[in-house]
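In this document, chain identifiers A, B, C, D, E and F correspond to the written order of the chains, with residue numbering beginning at 1 in each.
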Amino acid sequence: MEQELSEPVVYLNGAIVPAAQAHLPIFDAGIVQGATVAEMTRTFRHRLWRLHDHLDRLFGALRHTRMDIGMSQEELARISEEVAARNAQLIDQDDELGLIQFVTAGENPMYAGRAVRTTPTVCVHTFPLPFERWAKKMETGAHVVTPSIRHVPPQCYDPRMKCRSRMHFFLADQEARLVDPDAISLLLDLQGNIAETSAANFLMVDRGTIISPTTVNTLPGISRAMVIELAAKLGIPFVERDIQVDDVMNAGEALLTSTPYCVMPVTKMNGAAIGGGRPGPMFRRLLTAWSEVVGVDIGRQIEEGARRQGH
Amino acid sequence: MEQELSEPVVYLNGAIVPAAQAHLPIFDAGIVQGATVAEMTRTFRHRLWRLHDHLDRLFGALRHTRMDIGMSQEELARISEEVAARNAQLIDQDDELGLIQFVTAGENPMYAGRAVRTTPTVCVHTFPLPFERWAKKMETGAHVVTPSIRHVPPQCYDPRMKCRSRMHFFLADQEARLVDPDAISLLLDLQGNIAETSAANFLMVDRGTIISPTTVNTLPGISRAMVIELAAKLGIPFVERDIQVDDVMNAGEALLTSTPYCVMPVTKMNGAAIGGGRPGPMFRRLLTAWSEVVGVDIGRQIEEGARRQGH
Amino acid sequence: MEQELSEPVVYLNGAIVPAAQAHLPIFDAGIVQGATVAEMTRTFRHRLWRLHDHLDRLFGALRHTRMDIGMSQEELARISEEVAARNAQLIDQDDELGLIQFVTAGENPMYAGRAVRTTPTVCVHTFPLPFERWAKKMETGAHVVTPSIRHVPPQCYDPRMKCRSRMHFFLADQEARLVDPDAISLLLDLQGNIAETSAANFLMVDRGTIISPTTVNTLPGISRAMVIELAAKLGIPFVERDIQVDDVMNAGEALLTSTPYCVMPVTKMNGAAIGGGRPGPMFRRLLTAWSEVVGVDIGRQIEEGARRQGH
Amino acid sequence: MEQELSEPVVYLNGAIVPAAQAHLPIFDAGIVQGATVAEMTRTFRHRLWRLHDHLDRLFGALRHTRMDIGMSQEELARISEEVAARNAQLIDQDDELGLIQFVTAGENPMYAGRAVRTTPTVCVHTFPLPFERWAKKMETGAHVVTPSIRHVPPQCYDPRMKCRSRMHFFLADQEARLVDPDAISLLLDLQGNIAETSAANFLMVDRGTIISPTTVNTLPGISRAMVIELAAKLGIPFVERDIQVDDVMNAGEALLTSTPYCVMPVTKMNGAAIGGGRPGPMFRRLLTAWSEVVGVDIGRQIEEGARRQGH
Amino acid sequence: MEQELSEPVVYLNGAIVPAAQAHLPIFDAGIVQGATVAEMTRTFRHRLWRLHDHLDRLFGALRHTRMDIGMSQEELARISEEVAARNAQLIDQDDELGLIQFVTAGENPMYAGRAVRTTPTVCVHTFPLPFERWAKKMETGAHVVTPSIRHVPPQCYDPRMKCRSRMHFFLADQEARLVDPDAISLLLDLQGNIAETSAANFLMVDRGTIISPTTVNTLPGISRAMVIELAAKLGIPFVERDIQVDDVMNAGEALLTSTPYCVMPVTKMNGAAIGGGRPGPMFRRLLTAWSEVVGVDIGRQIEEGARRQGH
Amino acid sequence: MEQELSEPVVYLNGAIVPAAQAHLPIFDAGIVQGATVAEMTRTFRHRLWRLHDHLDRLFGALRHTRMDIGMSQEELARISEEVAARNAQLIDQDDELGLIQFVTAGENPMYAGRAVRTTPTVCVHTFPLPFERWAKKMETGAHVVTPSIRHVPPQCYDPRMKCRSRMHFFLADQEARLVDPDAISLLLDLQGNIAETSAANFLMVDRGTIISPTTVNTLPGISRAMVIELAAKLGIPFVERDIQVDDVMNAGEALLTSTPYCVMPVTKMNGAAIGGGRPGPMFRRLLTAWSEVVGVDIGRQIEEGARRQGH
């Protein structure tokens, strides 16, 4: 269809609709209560990467929140792939898609003022990866700032369940931007351990070992898992332990991992240079190895994509 | 207009639209991150009750979250009153409206895949108060259950800022319903102090004194403030202090306060009767005094409304 | 003696007495202050199983509480074996005994109102293992519920010292039974980590690995140690780390280990099925291996014992 | 009966028995789990003092622990008075009785190895107040030591519920006695606030005001309540707030309140003199006022009683 | 003496010495361990203001730290007054002095490598108040920033004891200056309550009431006490309670109190305006009242002093 | 120079000065705020041992505190070696030196009352190791006491950064000495885990394994690192985990490691014998292995040095 070629589609509650028609009524639980779980997958060469790892985690979150979406993981995988395939036709062949699944607790009948669907809202949508957002940081490194806001602890709701009640992330990022408009907040947990940023896992490198916060206070990211996999392959030790600001201040390197850009160097923390203030060898090694696995030069794709998108 | 008579209206981002058209794109920050602040006001005899107390609190939350909605409190009051007035025409004269204002951080350009409005989303909408939800509890009392989930502490995001990142409330209510499908979760804070329910303030009565959790771990509710006001008028002592389960187990009475039903008796906690298991005199005294102030017999309105709505 | 054949004996403060005469004065420190440490061992084929592992732990607790019982570990072992041997004559040859040693801080002279023995009270007694208590759960799995009550932290008194100040367990089990009369409480520690039940260690299984809470917030159980030993033998990885509700909700299996029934499947948590809601292969594998070591088909013994005892 | 005149009686589970026969089977829940709640009242001139205040608190603890003793507060009061009256005949007319009620969760059928009473165990017993224990401290003041052990927080079990799971008190007193064999441990809570001793409330005096820890981390003692009452009568301000070691180190006076001795001066903390190291005027004022109310010179009674008992 | 007229004097360990000779050996405990307590008093019209309030607090800290300086409070007062009187001769008559007493734990014999004085080091010295430091902030208000560093809790060492182990203040101020080189860090305690800055107490104003953090996490400042006194005189309510960032964000005014400038407006927190971003009426009212009491127009003195010192 | 032979030299802010002239003005930040970082190295046979490990840690602390000393690690190493070499000439050939580097935040211009150097103060000095301090403990073992004071947590300032804001150590040691004048305080962290002493790392031995607190709450000591190295060489397992009092009470051995004495047995904790109350085989094994590496019989050097110094 002509329409499909000009506008992306969205899966929403059983139907494939044009993106412009993909919206939620104001009484959806996702809006009313932040009672939403979500995942983001990306494509490499227009194919979804590790879709089932993301769906495993999504279905874990659904179990935790007792939301029954009435379809199997396989069905949601199939829908996701269809949405991705159709929308990939609309982008440059060198661009890539991010794909999001999110599930809310359904519609709130009280706010609706009438009987409404109270089964979960299910949505799958995509967006072209905006490479220009990450290009500069991939080259010179990100600046992380530890805000006074602390990460929500598991006994409130588990940071490992990827949900969208993220007011603390919103506030933390505001604090970080007071220091530097380009800074990203790196939250500490209630004990003062390094946790994660609002959109990425944090890793540090100390004398050849990659060190990660434990999964008690962070999402067990799929990209982080890929780093673990690559590290095993490359013979790089990877350990999990509680880390603090002092560790990072004196680390050789620091990294962020996240679905859209895979791995990004961190070269500054609270205004101070980390590891000499320049992206380090571990970053390059991981990015290269990752690029080989996916058959895409990830760094170059971001750099060139940014230039192209910058038009 | 015919249309107005048959369907409620909603204020959304500068326009008054029919309720059926009030929806948010799936990339609104309210959906993406729960970065939303909100208020709920109700009418008595179709007039908004203490609208400005609610708006004061909303504008406080906007200051805290640094969201600029580009309009004054007076303008939002005027809009709220207009929406309420129009929608009140659609309901029974003995029914009442709940009115909600909510503000999100705007639209997320990355997820939208294009330039979008990043200024806050502002919405005002109403719903008829569903009296049948509260009628039985007003008569026999609510059952509160303390879940294992704890309330989010202020150093993550402040429980006093009425926001919609409420996954912990969602999970806590699921736990409470395991005990009793009608039970309401009463969250403890990280130190084990009684905090609040997902939708109400909690108060207890001990030998003639009303005792409230402090405002460190609870919303300083407008209905709670009304109880303070009535207590002062009636010569009833009202104190704030940290309270625990043992206090409530041995309290003379317990109460919930919330905008739609004003004040509700709690007669059971974790399956055990409180104050003999029946609504107590303080409940009745407060409800009577409140009814006098607003010129509506609140208890009867709920009872009769429930019967009428139950048709 | 005839008497011995008809009634079990108890070792109490230096003497072997008939069970009916085994009691403590109301001013014993065990009653007055819960200042008691204890162990429970069981028999397999009427022989005490790993008695010295239990006694090592008991003597560790005695050191911690500075209670001097005036006898060596070997003497207490000998007494324990004698009590077990005599009482084993009174039970069915297919039944087994549980054997308890407990030590209190002695008698309280103030409450006694006179000079009394203030050296520790030492008691060794047995009971036939009531298989009917566990038979159903061994077959269909136990239901664990996380209560709002938290586990006592080590800086108050150490959960690893097996003592009898267990009001928190008593209260936690009451909460769990509100959800399901057969449910067992699974306590969280003050940080929200899974700790233990009132009578068992908790383990979970994730993709072939057995995962245990650390011994910071749990008793280092002898049965848990046996699982570690069996896992090593069977090539099953066993790791200790902080685990939370989200982990268990998404675990493949969950288990309890405790002296009387060795290992039991957990198939439900907070009302939600774990691992499909049925006992899993790790449970069976461990139970089989354990049965081989002790020369008793533990599962069948419980099943048949329950039938026999149910008469 | 002759027998009654020579030996005190005890109420135990429905019967009045001679003290020598008052014992619990080793499988009583009070011994097995510390699942016991208790009260201690004393006599003045052989009459129980504020019995109903103690029973109110006991019945509060019974509600909290959901133990149903099958009798009313009035019945237990009557029994208590009878036991006290009978046993008072056995003591010197200048001596006094302490009277204890305790309730356990009943007998443990598993440990009993047979069907047993699982309804609560109820016991009422007395002992002559051993004045010689307190005489020296009443004169020169007690020495309190803050141990490394912390008080159990309310989210584990509430310090305000007078229960007998008190291993932390047992361990804390051991630590205190390392500093001074006569020292009493004064526990801090998990936040470092002064809580209470194993057997008394702690108060301090700062420029004419009596300052008490809040009732969040201490038992709301009946003797402490008497101090509040006397303070009101004498025009002495009494405030509750979180206090710390620094406060006490610099306090004008410090006090303990407890049923047997009413109020006792504290003149040393962690080896350092408080308020000049001598009992202060507030102590004397309260003791005098209290003595007037009860018609007994409390200080002299203890002093003379100690001399008499010291024979 | 000529010398005295040209150079200030310092009291150090029993002698009055010229400032240029006032130094500590590198093995003094004040340098080795930060084991130092201190006070700062200021003059008004060259007379020390409330010297004894400061000395009361200093001697409280000496009791807490068990340091015996071998002289009475009166002697130290006399010395302080002498030092102040002599040094006041060296400054402009419109300038004022700050006077510091500090006491360290003495000299460290191990680091000295020989027998040294291990009794406390006692020092009294002065400096002209550098009005130019505060002039701009008195006019436009200070900017406070909440750092990720938390205040040391009382169970480590009490924030109410004015000591010089202040690495957390040093680090916190570094964080604040990342946001704004003129910003002052406002530390939160471990629970997220507002505590204090490295050099001042923090107060906020809400609808005519002055609200202060409790003295659990702050120094009970002498200037803060003066505000309490002035508030009482002016009929302004003053309350202590736990306050959080949300309170301050929505406060009408905020203030700092500290010895050198008495009271200073805070008009910005974390980059956001407080109370409209301008010094408010409570600030002016307190400053005026204070100025009347001391007979110095404090604001003008700072303003003119700054101009004079700016030469 | 004659002078050099009779008096040690000190490096201070760019110059080598005689020790008697090494002092800081009273307005140095090290005195004013405890804003000081430091290291202590020792010699073996008059050569500095692992100087660069110490300097690595010092430069890490400088990065953390953002203090720029204007010289490279190599330069500071060279200076340190020069100071050590010169001062070694003044001691017995069988004695050894401790060498300290410390850096403060510079001079405080406000307290100085004039423009002063605000760049860091840098000092290097030495002292002969006072073997007599450790000789007895090396032979019979140290006594550690857990005080009520807790260790400062990393979110205040990191225990791993060796700084001199150590009021908590000062207070903790005072508490320990109440129990035994020779006792050393062993601080717990806020969760009740064993942390460290004021001057040493703590290790325990359990069935052949050396167990250490994690580096979250302790300095990663250079001597501790040497133990790790020796353990690896000797095939002794070394693990890090949270340990508590109960662990130590029941440990086979316990040890302290610190620069001056390398490794010391701990044979008592809170008055109770550890590991039989005598130095154990692991202590001897480590000391022997260490002695071999450095070519000095460490135990004998301390013993003989003490005898020599005792003259």
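Criterion: a residue touches a chain if its C-beta (ideal position, glycine included) is under 8 Å from a C-beta of that chain, and two chains touch if they have at least 3 such contacts.
Computed from a predicted structure; not experimentally measured.
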Applying the touch definition from the top, give me the chains sitting in contact with each of subunit D and subunit E.
B, F
Averaging C-alpha coordinates per chain, one finds the centres of subunit A and subunit F separated by a number of Å equal to 44
Averaged over CA atoms, how far is the centre of subunit A from the centre of subunit B? Could you give it in whole Å?
33
Measuring centre to centre with CA averages, how many angstrom lie between subunit D and subunit F?
47
Which subunit E residues reach two or more other chains?
64, 66, 148, 150, 153, 155, 188, 191-192, 245
Report the complete set of touching chain pairs.
A-B, A-C, A-E, A-F, B-C, B-D, B-E, C-D, C-F, D-E, D-F, E-F
In their complex, what parts of subunit C are in touch with subunit B?
145-148, 150, 175, 178-179, 188, 192, 245, 270-271
Partner subunit B, residues of subunit A touching it in the complex:
8, 10, 12, 19, 22-36, 64-66, 98, 100, 102, 104-105, 109-113, 123, 125-128, 130, 133, 148-153, 155-157, 163-171, 174, 190
Mind pulling up the subunit A residues that touch subunit F in the complex?
188, 191-193, 241-242, 244-246, 249-250, 272
Note: in the complex, subunit A contacts subunit C through residues 60, 63-64, 66, 153-155, 158, 160-161, 191, 214, 216
